[in-house]
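I've put the structures underneath this note.
After this come two complexes, each holding chain A, first together with chain B and then together with chain C.
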Partner chain A sequence: MESVLALRGLVLLRDSVEWEGRSLLKALIKKAALGGEQVHILGCEVSEEEFRAGFDSSINSRLVYYDLFRDPLNWAQTGEALPGGPLGALQAMCKRTDPGPVTVALDSLSWLLLRLPCAALCQALCAMSRQHACRGGGPAAEQLCVLGLLHRELHGPGPTGALSSLAQTEVTLGGTAGQASAHILCRRPRQRPPLETLWFSVLPDLSLDLQGGPPLESQPHPDPHTPQVEPASHLTFNLHLSKREREAKDSLTLPFQFSSEKQQALLRPGPGPATSRIFYEPDAFDDLDPEDPDGDLDV
Partner chain B sequence: MFPELNNLLNTTPDRAEQGKLTLLCDANTDGSFLVHHFLSFYLKANCKVCFVALIQSFSHYNIVGQKLGVSLTVARECGQLVFLEGLKSSVDVFFRAQAEPHPLQFLREANAENLQPLYEFVREALKPVDDGEAAWRCPVLLVDDLSVLLSLGMGAVAVLDFIHYCRATVCWERKGNIVALVHDSGDTEDEENNILLNGLSHQSHLILRAEGLPTGFCRDVHGQLRILWRTPSQPTTQRDRSLTYQYKIQDRSVSFFAKGMSPAVL
Partner chain C sequence: MAAAATCGTGAGSTGSMVAAGGKNNVTSFQRRGPRASGSDSSYSRLVSIAGTRPSVRNGQLLVSTGLPALDQLLGGGLAVGTVLLIEEDKYNIYSSLLFKYFLAEGIINGHTLLVASAKEDPADILQELPAPLLDDNVKKDFDEDACNHKTAESNIKMKIAWRYQLLPKMEAGPVSSSRFGHYYDASKKMPQELIEASKWHGFFSPEKSSSTLNIEPCSLTHGYIKLLQFIQNIIYEEGFDGSNPQKKQKNILRIGIQNLGSPLWGDDICCTENGNSHSLTKFLYVLRGLLRTSLSACMITMPTHLIQNKAIISRVTNLSDTVVGLESFIGSERETNPLYKDYHGLIHIRQIPRLNNLIYDVSDVKDLAFKLKKKLFTIEKRVE
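Here is the complex of A and B:
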């Protein structure tokens, strides 16, 4: 998890109904704020009051909050709604970040993805890092961190895959026996993405308590959209043939395959083993009539 | 209300929490007993209740309510209960002037994009009374059920938007509660219903899921109830987050027992 806190770019926090991810999002926000970064939050799913609960006043004063919860679609027509709807709010937030290290939290990406076209959302996320790089004078990869909360049951493989391709880090939340775990996938250019699984808990003051890797028997549940394990990998029988076995199989003549050699063998009585004989011992009740062998049948 | 269910949820009408969204879900069974429970629970808790009843008639809920000790007729007359009878009002939509707003206006529109009229109805129904008397404890919105809105042509996101605005007004602004029933058809191809169910699950503080027994119908065990407590914004301390019980529905009560511990079996 320390590596997650150090990386920049888009970080997907993939949670589920059983294992919610908002408390982890808040813990990462707290870490960024304590590190002196600017923190901008687009709040769609819960009220600002509920989101800020748990942060102390020094952290709360550093958070720049954009409230898309109260009236996201401008139904109230009070003029207080963020202009431009959800996409306008996201784009406006990109423009208001100052140069320097900044963390942007999207609570949640799922809320935005259900209401915006996936392409528009991905473009807005890309534009965010470009605009920040233009302003900051340094590569955006080092300056900007976008934490996006994604509820994994809500989206199909298409949108999820699109966001995964943009993300530098994916944290998939799970757990067992009341203990939460994070399955972390970091993407680095031209390197194999390392996988890491950690147990963690978020304390009431929103600090992170990391507890190392899980026991062997409790792995996080695989995501339904990732490829499944090869089903033939642990069989007790052999599905494949060796070269010798394949040659023997190919040269085998099937019993009902009639070839000219077989025909000749059948027509020519060979010096094979003697023909078999049947020995019959009649019972006392048998009534054998050689002239009418079927006489005992009631036909 | 069912006292045994109150015990499982560790709540009473006097100690009802506020600002919460409770999701009721049923799969392969009828979860309407949960709706009747919460309707009588919040009426007994002296809350102002707005009931968006799209499935059954007023008299149906009233008859069941009387078995549970509440009279919907009296509650409606004294202003505690605002009852939107969907079956009756849906016909009214077609016999009034188009300019007049109606909560079920979307039935009349070919391309209804949202449920704003229904939200405005709820907001108006649960508006705080300004006459200085604190008559009711907190507002409660009860919906039976949300899946039928999908069947009537609304999209899942439109229904989620409706609940979003209800949460903002009822739960956050007025510190009230919402209870809504969604069916789980179990059909993985029903994307709209799955989006609605999962989307609401992520916003809920409490999920009650009634499921039919996987082995089929049983005379003494009518189903099992899975209870999931969630805290969508706060880190949780170690506690029982999920419980599963089996139940049997009787004439005026529902009895709950641990799996395999039905009195008929013991």
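Here is the complex of A and C:
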């Protein structure tokens, strides 16, 4: 998990019905707040009281909360709501951040994805990190972290694929037998993305407890269905040579290499034609015609 | 007249110049290559654009893609006036590397660059270009690689039959820096002075298209319209289409467009199946028209693995000239397969254009794999 918080940019927390991600999101928020960063939260799915439950008062006072749950369409016209709907809220949020390390939590990205066109949302997310970099003066990669909670059963492969291609880190929540796990995929710009699996649990005071490995009764390997393919097995010929065979092979002279012995052998007149002969005994079924021994004359 | 015209177009995309000069010739047959006396002066000027060469098959003007192995697979290089579409691999590692090789080749040859992207600022992309390999370092690197390769395997000496022993050994590595394609060191960055000395134009989509108007369906998205206008302006103002008579030396415009079709351009074909499916295809159609009438070559990388509607992929393939697909093994089950352990992915040559020609320039090798070593990107025929 240390690597998750060390990396900045867009972090997707993909949860599902069985393994919810809001507690992990709150744990990460708490960690960021304790680390002295500014934390801005866009709350859409749950009410503010429910979201703030579990944080102690010192952290609660540091969280800047934008509430889109109570009145998303601004019917009450109270004037405290952010203009422009959800997209305007996103843009306003990034305008209000001060320079320095910032964590923005979107609860949830699924809510936004269902109400906004996907392309506009992707552009807004990229614009957030860029505008923060412009104001902060430092590279955006280290300054801004956007934690987005995504419920992966709500969306088809299109939007999730598009968001995954934008995200710097993807954390997919799963687990077995009561123990939650997080598969973390970090996209680094020029290297192969490393895939880690961490087993964790979120304690009641919203701190993260990392377990070392999977519990004993979980399956040993994520995909046991492909055994290692051994290409050199079940061959009908011999790929390896024994020592004696190798010596015999090395001492063999190649047909077109003219060694001196070969030259002498060729220059010497060979023995007479009596050394090799073919003997043939005709058997009962042969019907040799003495005038046509080959049997190919069409007579 | 018709015969002269077809011969003229056979010599290159700007064959109109050649045809104009060729009116003095009596015959409609034109010899390829540099000629001695009585040669067509405009033809020899055409060939002398830096970084280009005529194809050996039909005299089409070619530029290098930055990767000599890929040039060989495409029949000598990328034809001027055509589009090379790279289908990105899943994590966009190798396709962005090919994109950078293309731009780096432009800088080394002195071509003008036009870099368009919706994700990164073009200035940042140019800072990340790989450094060219110079001659004296190159042989060292190649020998190093060869030695590492040998010590890794067991030392089985192979006895060669006599007729191959006497043949001269094939030169596998780069030999001189003044030839057509160059080699690049992916672990080093291009020196700053080379980048500053080059001429480039950048198009960063979020800056240029600030309005978010709703455009009616079946038309180009806003980002694409702006990009096409930008390209058209550059081509016209700098005279790549012959409109402003160029007093100075002719040059090639290398256009690189990154991540075309991704949601950051405002296009939603990667997000939904029933989105605006004509925007991208219209863009490619208009782009090809712009390229065919100018001295430019374009490389586009597109995340086709995200496109939901498969019919769009086949339309996009038809609208591009050369299409190369990259498939990396990261994350797939092939990563652990020992048959693929030497390679990082597969290259699929999906389409080769038939330019001024009746036959394709297809290489007979279909099973190709690539590997990114520490410094070099190599493409090899996959050996079982």
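To be clear about the criterion, the second predicted complex is superposed on the first by the 206 of 299 C-alpha atoms of A that agree within 3 Å, B and C clash if a C-alpha of one lies under 4 Å from a C-alpha of the other, contacts with A are read in each partner's own complex, and residues count from 1 in each chain.
Rule of thumb we're sticking to: a contact is a pair of C-beta atoms (placed from the backbone, for glycine too) under 8 Å apart; a residue touches a chain by one contact, two chains touch by 3 or more.
This structure is a prediction, so every number in the text was calculated from the model and none was measured.
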Partner chain(s) touched by A:K262 [first = chain B, second = chain C, both, neither]: neither
Touched partner set for A:R96, first chain B, second chain C, both or neither: neither
Which of chain B and chain C A:G178 touches, first, second, both or neither: first
Partner chain in contact with A:E18 - chain B first, chain C second, else both or neither: first
Touched partner set for A:L114, first chain B, second chain C, both or neither: first
Contacts of A:E45 with chain B and chain C, given as first, second, both or neither: first
Touching partner for A:P159 - first (chain B), second (chain C), both, neither: second
Chain A residues contacted in one complex by chain B, in the other by chain C: 156
Residues of chain A touching chain B in the complex: 17-18, 20, 22-23, 26-27, 45-47, 49-51, 53-54, 69-73, 75, 110, 114-115, 151, 153-154, 156, 178, 201-204, 206
Chain A-facing residues of chain C, complex: 91-93, 96-97, 119, 159, 161-163, 206, 212, 262-268, 270-273, 303, 305-306, 308, 330-331, 333, 336-339, 384
List of chain B residues in touch with chain A within their complex: 114, 116, 119, 157, 160-161, 164-165, 168, 172, 191, 194-195, 198-199, 201-203, 207, 228, 230-238, 241-242
Chain A residues touching chain C - in the complex, by the definition given at the top: 117-123, 126-127, 130, 156-159, 161-162, 165-166, 187, 189-193, 195, 223, 226, 228-231, 254, 256-257
